[in-house]
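So that you can tell them apart, the chains are marked A, B, C and D in the order they are listed, and the count of residues begins at 1 in each.
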Amino acid sequence: MIRVGIVGGTGYTGVELLRLLARHPEVQIASITSRGDAGTDVAQMFPNLRGRLRLRFEDPAKANLKSCDIVFFATPNGVAMEQAPALLDAGVRIIDLAADYRIRDVADWSRWYGMQHASPDWVDRAVYGLPEMNRAAIRNARLVANPGCYPTAVQLGFMPLLERGLVDLDHLVADAKSGVSGAGRKAEVATLFAEASDNFKAYAVPGHRHLPEIRQGLSAMAGRPVGLTFVPHLTPMIRGIHATLYARIRAEADFQAVFAERYRDEPFVDVLPAGSHPDTRSVRAANTCRLAVHRPQDGEILVVLAVIDNLVKGAAGQAVQNLNIMFGLPETVGLQQIAVLP
Amino acid sequence: MIRVGIVGGTGYTGVELLRLLARHPEVQIASITSRGDAGTDVAQMFPNLRGRLRLRFEDPAKANLKSCDIVFFATPNGVAMEQAPALLDAGVRIIDLAADYRIRDVADWSRWYGMQHASPDWVDRAVYGLPEMNRAAIRNARLVANPGCYPTAVQLGFMPLLERGLVDLDHLVADAKSGVSGAGRKAEVATLFAEASDNFKAYAVPGHRHLPEIRQGLSAMAGRPVGLTFVPHLTPMIRGIHATLYARIRAEADFQAVFAERYRDEPFVDVLPAGSHPDTRSVRAANTCRLAVHRPQDGEILVVLAVIDNLVKGAAGQAVQNLNIMFGLPETVGLQQIAVLP
Amino acid sequence: MIRVGIVGGTGYTGVELLRLLARHPEVQIASITSRGDAGTDVAQMFPNLRGRLRLRFEDPAKANLKSCDIVFFATPNGVAMEQAPALLDAGVRIIDLAADYRIRDVADWSRWYGMQHASPDWVDRAVYGLPEMNRAAIRNARLVANPGCYPTAVQLGFMPLLERGLVDLDHLVADAKSGVSGAGRKAEVATLFAEASDNFKAYAVPGHRHLPEIRQGLSAMAGRPVGLTFVPHLTPMIRGIHATLYARIRAEADFQAVFAERYRDEPFVDVLPAGSHPDTRSVRAANTCRLAVHRPQDGEILVVLAVIDNLVKGAAGQAVQNLNIMFGLPETVGLQQIAVLP
Amino acid sequence: MIRVGIVGGTGYTGVELLRLLARHPEVQIASITSRGDAGTDVAQMFPNLRGRLRLRFEDPAKANLKSCDIVFFATPNGVAMEQAPALLDAGVRIIDLAADYRIRDVADWSRWYGMQHASPDWVDRAVYGLPEMNRAAIRNARLVANPGCYPTAVQLGFMPLLERGLVDLDHLVADAKSGVSGAGRKAEVATLFAEASDNFKAYAVPGHRHLPEIRQGLSAMAGRPVGLTFVPHLTPMIRGIHATLYARIRAEADFQAVFAERYRDEPFVDVLPAGSHPDTRSVRAANTCRLAVHRPQDGEILVVLAVIDNLVKGAAGQAVQNLNIMFGLPETVGLQQIAVLP
């Protein structure tokens, strides 16, 4: 059994990790920490776990995380960069679900995240945990930077086109819509039910922190810097991201076949038949990304639709997928939940 | 492997049965029928099943249901009473998720459901499939009448009190709130998003079809007819029932202990600590009923709160639980999904 | 023009007051205060008011509220009791939308609200602002205690029965469901979209602060203390309260006629035809209470259904109704908005 | 008083027209027709209108629409083209809220709407009822084709840029999100609460009927044909459209000033300050379009955000605005409702 620790398990990413790991057959949850809720029964905070998990939040200062084989950081940005190095030095492998190790350009990271990086040397050694892009490197990684939710959807949607140079790289548009759980389990007025329900809005149009992450990934696929306009929106649902991607065609191809072929062997990417419109509920609570590709009126613009559950393929599920890869397990172990519909 | 057939799998109960049975380790889905959608790939109608189930809806006239060990009827009321007898005679066991065999008094059934019963002789032989009440009889049943969603929540909530004669039997009140999926996957104006969202209403206050079913069950627990006022409401959520139950205390007891003791060995009933308020999401997509018991201001009125997922413990999950009992399997096989929260 | 001041206008009650008062033909909003947001353009915080209201939040210390004819307190509990007396002494009339002056028994108030009362002498002089009960007293009141949202719905629903002594007074049950805006515009985890959406729960079953207020009102109607069980629930909608009321019949009557007659001349209470089920959206954004009365199966229990918009008839609209009464205006001035459906 | 008739008032556009016209001071609703619901009290179908409107649906065959000054068609596509000509010939003015007279190219209309046009001669004489574009022509129009909901938002968002030739005309992108009421009050599975709630999806990506309407309008503004990719989405809210528009800059300008200037005198278009993100609730139940313009990272792509209430500025409210213009009334009469927030 793989001994797992979780740092900071009181957010939505944390409870989703627990939902998945509690039934993972190869994993034992050794410790979960919380500064503010140490001593609290986890199942009291998250009653869906009653009877399925006997665990209390531990004081981070007292938890013996170094005895774990792997530790997940489900913390706000800026925590893992402080605490991960000591664990890494002790031989513990790390998956950080926050943004600390996602951006290779440390100066750029500092600009977007508004803080100095505490362990810039580990940034180079971190592997960006998008299995469909980096599976081989993840296998032996000591430190995995688990992708953000928007970046997962947008990168999977553009990847087949960029890898094969089929579209104009300078004017990519990603119009993305997220459920409200993406904002986290933080007490804030803007995400109250009475504010976010029956309402729709764009936000952070001048610049969202996921922009540099997406741009870095797309540029890697394309082999040169890309131009990207990224507009995130808040939509009144709990879970789910729907990315609508626009690209101008540069080279003709059977785009449906391009997608089908690229993802043929991917266990968690599902290319829908031509003409389809994926809905977010078709992946609710599942680790799947569903994609559809359209060329409206046989014109110059290609439209890709990509849906994920932001808490699963966009966070905790992808983290478990990375764990499976890192420990040589079949990639789908513990991740075979069927989406909940309706 | 148990060979399973499903009659009428295009509704919400049907897709939920498929979600559960597709991953049930002891079951093989041999056939699923639909009059209107014969030939359609099941996963095309329900894309959450893509890649998890290779099955087409079959024409009921052509399906070889008699080769099944058990057949679920996930049909509108009035279908099973016509079609189940031939299968029963052929030795197939049946679980009817509709109401055809739930009410022992056939005349009463006809009055509430507005049709003559086609197989009244089988009504007597049917076992009411509430495991917490009838587990022994279910084990050997040939025909199980799977309880309705409201009846499951209300009966589990009142059961410990009625069995022990602790409350006034003549003025029970069940104020129940259901998610909209309880109305089924039927094209109707009243359950459109733009009608049911951001809205709350009672319905069927003069008399709901689940009233005689609940009254029959409560009367059996109490050992004599009970008086019950049952008011169902539609609440703007997809899944979930919350029953708020009111009873006047007749005999003093440690009510918390009464509930805890009654359900101590039940795998799917969770009695919360004193002072708790279960929320429906704590059982979303899981086969659990969570209960809390309150005595406000130490007064004469006991308040019981009961939550279930109407499509799981209130329908498909309970049906699978019954299957497990009927075939001698551990009762929780295939039913260990953790509720999806948030 | 009546000069109006508003203390504490940054909550939902505040913005709703502004929506109503901005178009009230007899009113001029002279000042609105906010400690935390002094200097902010009101329409920047509440963009629905852009172009309709030119006003900035003022520092409470600097606002000249004494020049107003009337001041609304849209503040948390405990503010009006401190600040209202000085204004009252200066001849300003007051409508407090919080709970400070609602409960006549000051000791009881202190117990439920957890604080000492700062101006208990004014409690006796305050008039409880339920126009359907206290219209005459409101007319000349210097200080009106505007009712709570639950109390408005529950009292209007029970009133005709209690005034005429038609039901058992000892075992009244009020099962009430509220939209999430009832919890206010406060940053709290429990009312986040991702917590409250697609979910339903009871809360405060052991005792909610509106219980003593309701009990006081019902007892006044009945002429003696009543026994009441009150269970509030949170339902995933923004606005609206649905109260489902249960009472045992003590005297026969034509209950439909009793309700119709009682509210015949009330401009804001609408008794629906027999057999109706009011939905909350039928009063969304309007100052109306709609009622229906049922006697299921001609039994002993009467069921009353009452709906209001918690922010209008349950708060700001009722406050404007009280203003109209206090200043001798037609009661419906500024309150003729038709409910928004769908 | 202007005598108004409404043909087909049982849909969402119909009830919204009634909500607005019932309080319009210059209008008298003379007749409302419905084939299926003739004889029914309007307020029974739409209880928000109880006490505010005494009217029954009339049999279209018996209604005396020719005595009206103006008739609104709130009917499915294809009805007005049959029935409007006779009324027009009788001197009645017409506002068609459906699509019959919106597309000047009748062959193109037939292709998109799948039917022959019954009165193509009237297409030429119809005026497209977007006041911000066609105010002068609307004034004297006998027949106004009221714009669709998506076209209203998209055209108002692009108009200042196209009129002044500031952007690339060949690769415009309109990513639009609509509340579910946009699908109408029709019994359909796809728009059931349990299907559309907690879910997000694109639809009609290969081609939506509003595409030719939008393209026609944008081309008129630009003075030559434009290239447009239009992707509509369904978002789980009742009302509201959010259009996110992307255009490549061709000529430098102070874009904020361009928008502010273009709409300075428009009573129903509100240009937000630079950096803003309008939310749909800020126009809920109001006839306003709010706009914001962004240039992310000072790049080549301009992003315009436009929100309307699809049932008001996107349908019934714009129709009333057109009525006001046609009859020489102040344009805002009867349309001064403040948006309902929260």
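As a working rule, a residue touches a chain if its C-beta (ideal position, glycine included) is under 8 Å from a C-beta of that chain, and two chains touch if they have at least 3 such contacts.
Chain identities (UniProt): A, B, C, D = N-acetyl-gamma-glutamyl-phosphate reductase.
What you see is a predicted model, and the numbers here were worked out from it, not measured in a lab.
Across the two candidate interfaces, A-B and A-D, the one carrying more C-beta contacts is A-D.
With respect to subunit A, maximal separation of chain centres occurs for C (centres as means of Cα atoms).
Distance from the subunit A centre to the subunit D centre is 39 Å, each centre being the mean of its Cα atoms. For the pair subunit A and subunit C, the distance between mean C-alpha positions equals 45 Å. Inter-chain spacing, taken between the CA centroids of subunit A and subunit B, is 36 Å.
Residues of subunit D in contact with two or more other chains: 12, 179, 181, 185, 194-195, 197-198, 236-239, 278-279, 281, 284, 342.
Note for the complex: subunit A touches subunit D at residues 171, 173, 175, 177, 179, 194-195, 197-203, 205-207, 227, 229-231, 233, 235-240, 242, 244, 246, 248, 275, 277-281, 284, 294, 296-297, 299-301, 303, 305, 307, 342.
Across the complex, subunit D meets subunit C through its residues 12, 15, 19, 22-23, 46-52, 181, 185, 197-198, 238-239, 270, 272, 278-279, 281-286, 288, 290, 336-342.
By the touch criterion given at the top, residues 12, 179-181, 183, 185-189, 191-198, 236-238 of subunit C touch subunit A in their complex.
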